[in-house]
Amino acid sequence: MPEKLNIGLIGAGRIGRVHGENIRFHVPGAEIVAVADLYSDKVKDWAYNLGIKHVFDDPQKIIEDERIKAVLICSSTDTHAPLIIQAARAGKHVFCEKPIDFDLNKIREALNEVEKAGVKLQIGFQRRFDPGFKKAYNLIGQGKIGDIRVIKITSRDPAPPPIEYIKVSGGLFLDMTIHDFDMARYLSRSEVIEVHAVGGVMVDKAIGEAGDIDTAIVTLKFACGAIGVIDNCRQSAYGYDQRVEILGSKGCAMVGNPPLTPTVLGTEEGILADKLQNFFIERYQQAYIEEIKAFVNCVLKDQQPPVTGNDGLQPVLIGLAAQRSLAEGRTVPLKYL
Amino acid sequence: MPEKLNIGLIGAGRIGRVHGENIRFHVPGAEIVAVADLYSDKVKDWAYNLGIKHVFDDPQKIIEDERIKAVLICSSTDTHAPLIIQAARAGKHVFCEKPIDFDLNKIREALNEVEKAGVKLQIGFQRRFDPGFKKAYNLIGQGKIGDIRVIKITSRDPAPPPIEYIKVSGGLFLDMTIHDFDMARYLSRSEVIEVHAVGGVMVDKAIGEAGDIDTAIVTLKFACGAIGVIDNCRQSAYGYDQRVEILGSKGCAMVGNPPLTPTVLGTEEGILADKLQNFFIERYQQAYIEEIKAFVNCVLKDQQPPVTGNDGLQPVLIGLAAQRSLAEGRTVPLKYL
Amino acid sequence: MPEKLNIGLIGAGRIGRVHGENIRFHVPGAEIVAVADLYSDKVKDWAYNLGIKHVFDDPQKIIEDERIKAVLICSSTDTHAPLIIQAARAGKHVFCEKPIDFDLNKIREALNEVEKAGVKLQIGFQRRFDPGFKKAYNLIGQGKIGDIRVIKITSRDPAPPPIEYIKVSGGLFLDMTIHDFDMARYLSRSEVIEVHAVGGVMVDKAIGEAGDIDTAIVTLKFACGAIGVIDNCRQSAYGYDQRVEILGSKGCAMVGNPPLTPTVLGTEEGILADKLQNFFIERYQQAYIEEIKAFVNCVLKDQQPPVTGNDGLQPVLIGLAAQRSLAEGRTVPLKYL
Amino acid sequence: MPEKLNIGLIGAGRIGRVHGENIRFHVPGAEIVAVADLYSDKVKDWAYNLGIKHVFDDPQKIIEDERIKAVLICSSTDTHAPLIIQAARAGKHVFCEKPIDFDLNKIREALNEVEKAGVKLQIGFQRRFDPGFKKAYNLIGQGKIGDIRVIKITSRDPAPPPIEYIKVSGGLFLDMTIHDFDMARYLSRSEVIEVHAVGGVMVDKAIGEAGDIDTAIVTLKFACGAIGVIDNCRQSAYGYDQRVEILGSKGCAMVGNPPLTPTVLGTEEGILADKLQNFFIERYQQAYIEEIKAFVNCVLKDQQPPVTGNDGLQPVLIGLAAQRSLAEGRTVPLKYL
C-alpha cells in the first residue's frame, strides 16, 4: 500500500470540515493528520470522530511539522496570503480557499513565494469540478457549440449572509461574483479584458449601510472576442440558483439547477416541481469531493494544479474592475489595473 | 382557380362546428355548402357567420343534393351507420366521427356499402394528426427506436361528462379508450390480438349506477409481438392528460403534455409550471385542422384516406373485447370475437 | 348583427398578410375592405382568396376612402410616420408596425398629429400579446414575485436577415432589440433611465461591413430601481430563442421556449427534445391574433390602445441610447437624449 | 461517546460492499467488525482499507461471535433463509437483501424464527429510501393527491444480466419486478389482491431459452380499490429508467429520472438533455445510505424496522401470482396462493 499524503488543515469552520470529511471518506490517498483552529475546543470532537490525531490552536504547529506535506488553508481571508507564504517557505503544497486576498500586492507576493518554493498551489474554486459545469466545459472543448459568442452566468444566493460577514467579505464582487468570474474564465478558456457593472441595494438596506450592494449585473468582454454577463442577487426566494449558458456558433450549452428530487405534483394549480438544492454545501457536494481529489492527485503525481495561483489572481482583478465600474459609472478595461 | 369540394355537414354540435370552422378558415380547397341539424334554429347564426348558405333540419336534403360531393357525419352515434350507407349509395365521400357504431354487424354493413359504392370513408380519429403523436409515429418509422417492445398510453379527461351522456356513450372502452385503441394500432403499425382489462368506479358512483366504469387499465398484445398498456380515468385534477410512450430496442419515444404556456413561477414552494390544455378541443386544435385537410386532400387527389373504415372497425372490436375481459375477469383473444 | 369595422391594409408583405388573414379568420368584428401595396400584382390572388374587394398600388386610395375607419400600416419603416400623419388627419385609427421611425422628431410629429386628430394609434409590439409573456406580466401584477429586482431577456434569431435588409434595418438595437426594450418596459411597468451596451460582429463579417453588429448585451436601469439585461444574437443554431426572466423579492417568473412538439426521443446519446419554433411568424402566431383583436376591440369600444404611441417612442429612445453607449464605450442616461 | 453497534457482513459482493462502505462513511453509530465471504481472499484488501478487522470465509464465524449484534446478509439468495434463521437463533438483528427466498414455506419459516427470537429483520428494498420516491410517498400521506386511483411503475434496466445470473434469478418477476411490487405496496399503503401479467422475450432469445421472459406488463388490483400497472424491460437503450406515478382524486404525484447532470446541449437537432444515471448502484446511492442508517437506527432505538419481514414476503406472493398468470393466461387472485 502506497504511503498516504499527510495533510494539515488550517481552519475547521464550515468549509474546512467539508474538506476534512471528504478527504477522510473519499480520498484514500491522503490523510488529515493535524488540524489547527483558533477555537480548537470546538473542533476536538469533530476531529476525534474523523480520526485526526492532532488538534492545535496555532497554525504554526502545522507549518513546522515536517511530516506534513500539504496544507489546506480554510481560515479567514486575511490569513490566506501570510499562510500561503509560510507554507511555501516550509516546502508544503497548498490548497487555499478563495479569495487569496483582496489586495493585489499581497496576492502577487504570495504567488511569488509559491513559485520560488516550487510547491503546488490550488485555489478553491470548486464549481469547476461540478459535474454539470464540467460537462458544459467539455462540450465546448469538443467543439459541440463551435466558437463562443456569449456567456451568461446566473448566481443567486438563497439568503444574504449576516451583516457582520458582509462587512469583512470584500463586497459582493470579491465575495460572491468572484466565483462567477472564475466560471467565466473557465468556460471561455479566455481572459476578461473589460468590465461594466451596475447594481443596487434591493434586498436589505443594512447591506447598503455597510457600503455594499446586494444585486448586480456585470458585463464582460473576453480576449477571444466573446461577450458575457453575470447576474447576482444575495436573495432568491425559490432557492440557490446557479446556471450558466454558453452560446456558440454551432449550438448552446446550458446548465440548469438540479432539483432536490425529480418528484412533481400535478394539481389544479399546475405542475409543481421540487425546490432547488438548499445552498452551496449541498449544491456542490460532489464538486467539493472532486476538487480535493484533484488537489491530492496533482501533488501525488507532480502535476499542474487544475486551478492555479493565477486563477486565483485574475478573478480578483476582475472584481476590482467591477468595483471601479460601479463606483465611476463607466466601463473599465482590465489592462489599466 | 380550381373548383372547391362541396361539403355537406350533418350535425352541428361541438365537433361539427369545429370541422365547419376549420374548413372555412384552413381548407381553401373545400366549402361547406349546407348543414343539417335537428336543431336547425340554433345553428342558423353560426352558419350565417361562416357563409354557409343552406341550413336544414333533415340530413336527407344533404344526401339528395347532387352538388354535394362529400359529407361530414357529426351527428349522434346511432345515426352514423345509416347515414354512411345513405351517403355511400348517393355516391358521396364520407368523413364520419368515431365510433361508426357499437354493433359490429352495423359497422360491417356500412363498410360493405362504402366498398360497393367506391367512395372514400375517413373515420374521425383526430389524434393521429396531432403534431406530437405524428412525430413519434415518424420517429418509429425512421427506425429511431428500433423494434417496438412496449407501448404505453395515458388518457385522462379533466372531468367526467354528464350522466346522460355516459348512458348513451357505449361505455368507457367504446367512448374514451377507443381513441387509445386507435393510437395503439397507429403507433404499433400492428393489430391487437389479445386484451385484458381491469377497472372500477372511483370518480362518481352515478357512473357505476349507469352500468359503466370511470377508471381502467387495459393490457394489449400485438400481432408484431409487442405488448402495451392503456390507463384511463374520467377525471384528472391537474387537467387533460394525453401521453404516449413507445419503448423500442434502440430507444424510446415519449409524447408529453404541452402546457398552456411555457411560463413557470419559482417560489419557496418549488417551481410551478403552467396547467395543461383544457380539453380535447384545445389540445387537438391543430390535429382537427390537419385531419380535415387530409380528408379533403384524399378526396381531391383520389387517394386512400389516412384513417380507413377498417381503422374505424378495429378499435370497436378491441373495445368489445375489453368489455368482455372486464365482465369475465379474463384475457380475451380478438380472434374469437 | 353589428356593423363591421372597415379596415384598409397598407403593405401586404409577410407581416401585412399575417394581419390580413388573422382579421379574416379570427376577428369577426372587422373586415379588410381594401389593400394597398406597391406590388399590387403580386397581392391580387392573396386578396381575392381572402375576399378583399379592392387592391390598390397607392395607399392614398385607402387614406381617402371614407368608408374605411382604420388602417394597418405594414409598409416599409420610412413610410410609417408620413402614413400615420395622413391617416390621422383623415380621421382614421391606426395600427402601425414597429418602429414608428428611427428619427425622434418624426416620431414626435406623428404622435402629435395622432393626438390632435383624437384617433387611436396602436404600435405592433406583438410579444406583449403572447400567452406566455402575458402570463408572466399577470403573475407580476398579482404580486406573485413581489418587487422586481432583475429583468433578463434573451432574444436570438435563428439566422440573420439578408445584408440588404440589415442596411435599412436601423441597426440591431432599433430593429431587433427594440422588441426587447418594449418587453422590458412592459414587464417592469417602469421606464428605462440608463443604458449600457457591448456588442460585436461574430456571425457574419458582412454585417460589420454594413456598419452594424450582430451580437450584443445591453444593461438597463429602470426608474423603479430594478436592473435588467438583454442578450441578442442574429444567429442561433438551435432555433429562435425567446425567453424572459423576472426576479422579484418573493419569487421568479420565467418564460421559456415552447418546443415544436412535446415529443422526446431517448437513446444512448441522451434525451432529445424537439426543436424550437422556427421564427417569429410561428412563435408569435397566437400573439399576432390577440394583438389585432385588441386593436379592433379598442377602436370598437373606444378604449385606450394596449400599446400606445409613447410605447412606440420609448424603445426608440432606448435603442438610440444603446447605439451611443456602444459607440462611446460608456453608460448613457436617457434623460440627455 | 455511545457504544457502536457491531455488525457482521455476510457476503461482500457488489451490494455487500456498498453497505460496508456506507456504514463506514455515513453511519457513525455502527461498525462492521467482521466480514464473511466465500472468496475471502478477494475481499481482504477491501476490508483492510475500510478498517474491518476480521475476514472469514465461513459465515458461522460471524453468527457465533457474541460481540456482533447484527448481521447484513448479502450473500446469494439461496443462503438468505438459513442465515436469517441462524442469526435469529443467535439473537442477532438481521438486515437481509431481497428476496428472502423464492419458496413461501422457507420465507414463512424464517419469519417465524425471527418472531420467536424477537430480533429485528429488515429487508433490502432500498427504493423506499430514495428521496424522490419518499417525497411522493409523503405527498400522498399529506393528502395532496386525495384518494389513490391508479399507480403506475416503470422499471427498465439498462442491459440484461448475464444468462448465468438469469438462470438462478428466480425469473423476471421475483428478481426485477419484486422491487416494483414492493414500491406498489409502499406507495398504496395497501395490499395487492389480484394480478395479471403479460410478457415476452424481446431482448435476447437466450433469456427465453433459460425459461424466463425479459419484458412484461403486470396489472394489479389493490385492497383499497385502486388499480395499478408495472412495465418492465431488461434492456433500455437510453439508460436505467425508474419512474412512478400515482393518480389520485385531487392530483397526481410523478417521480421522474434524475439526469446525470442538468446540462443540455441545444443544436439544430433539438435540445439534448443528459443521459440517465447508469444503474441502481448510482441511481440509488442515497437510498442505500438512508436504508442502512434506518436499519442501524431501528436496532439502536429498538423500533420497528421500516421494511419488515412481511414486506419481504408479500412481493414474493405477488411475483408467484404473476408467474402463474403469465403461465395460465388468466387473472390470479392472491388469496388462493
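Going in written order, the chains are labelled A, B, C and D, and every chain counts its residues from 1.
Keep in mind that, in the parts below, a residue touches a chain if its C-beta (ideal position, glycine included) is under 8 Å from a C-beta of that chain, and two chains touch if they have at least 3 such contacts.
All values reported here derive from a predicted model rather than from experimental measurement.
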**Study point:** Pair joined by more contacting C-beta pairs (B-C or A-B)
**Key:** B-C
**Study point:** Per Cα centroids, the chain farthest from subunit B
**Key:** A
Revision key, fill the gap. Chain-centre distance (mean CA atoms) for subunit A and subunit B, in whole Å, is 58
Exercise for review: Calculate how many whole Å lie between the centre of subunit B and the centre of subunit C, each centre taken as the average of the chain's C-alpha atoms.
Suggested key: 39
Exercise for review: Would you please write down the residue numbers of subunit B that are in contact with two or more other chains?
Suggested key: 145, 237-238, 250-252, 266-268, 274
Exercise for review: Under the touch definition given earlier, write down the residues of subunit D that touch subunit C in their complex.
Suggested key: 237-239, 259, 266-276
Exercise for review: Would you mind writing out the residues of subunit B in touch with subunit D in their complex?
Suggested key: 145-147, 149-150, 152, 154, 156, 194, 196, 198-200, 202-203, 215-217, 219, 221, 225-229, 231, 233, 235-238, 241, 247-252, 329-331
Practice item. Would you pull the subunit B residues touching subunit C in the complex into a rising list? Key: 24-26, 28, 49, 131-133, 135-136, 139, 144-145, 250-258, 260-268, 274
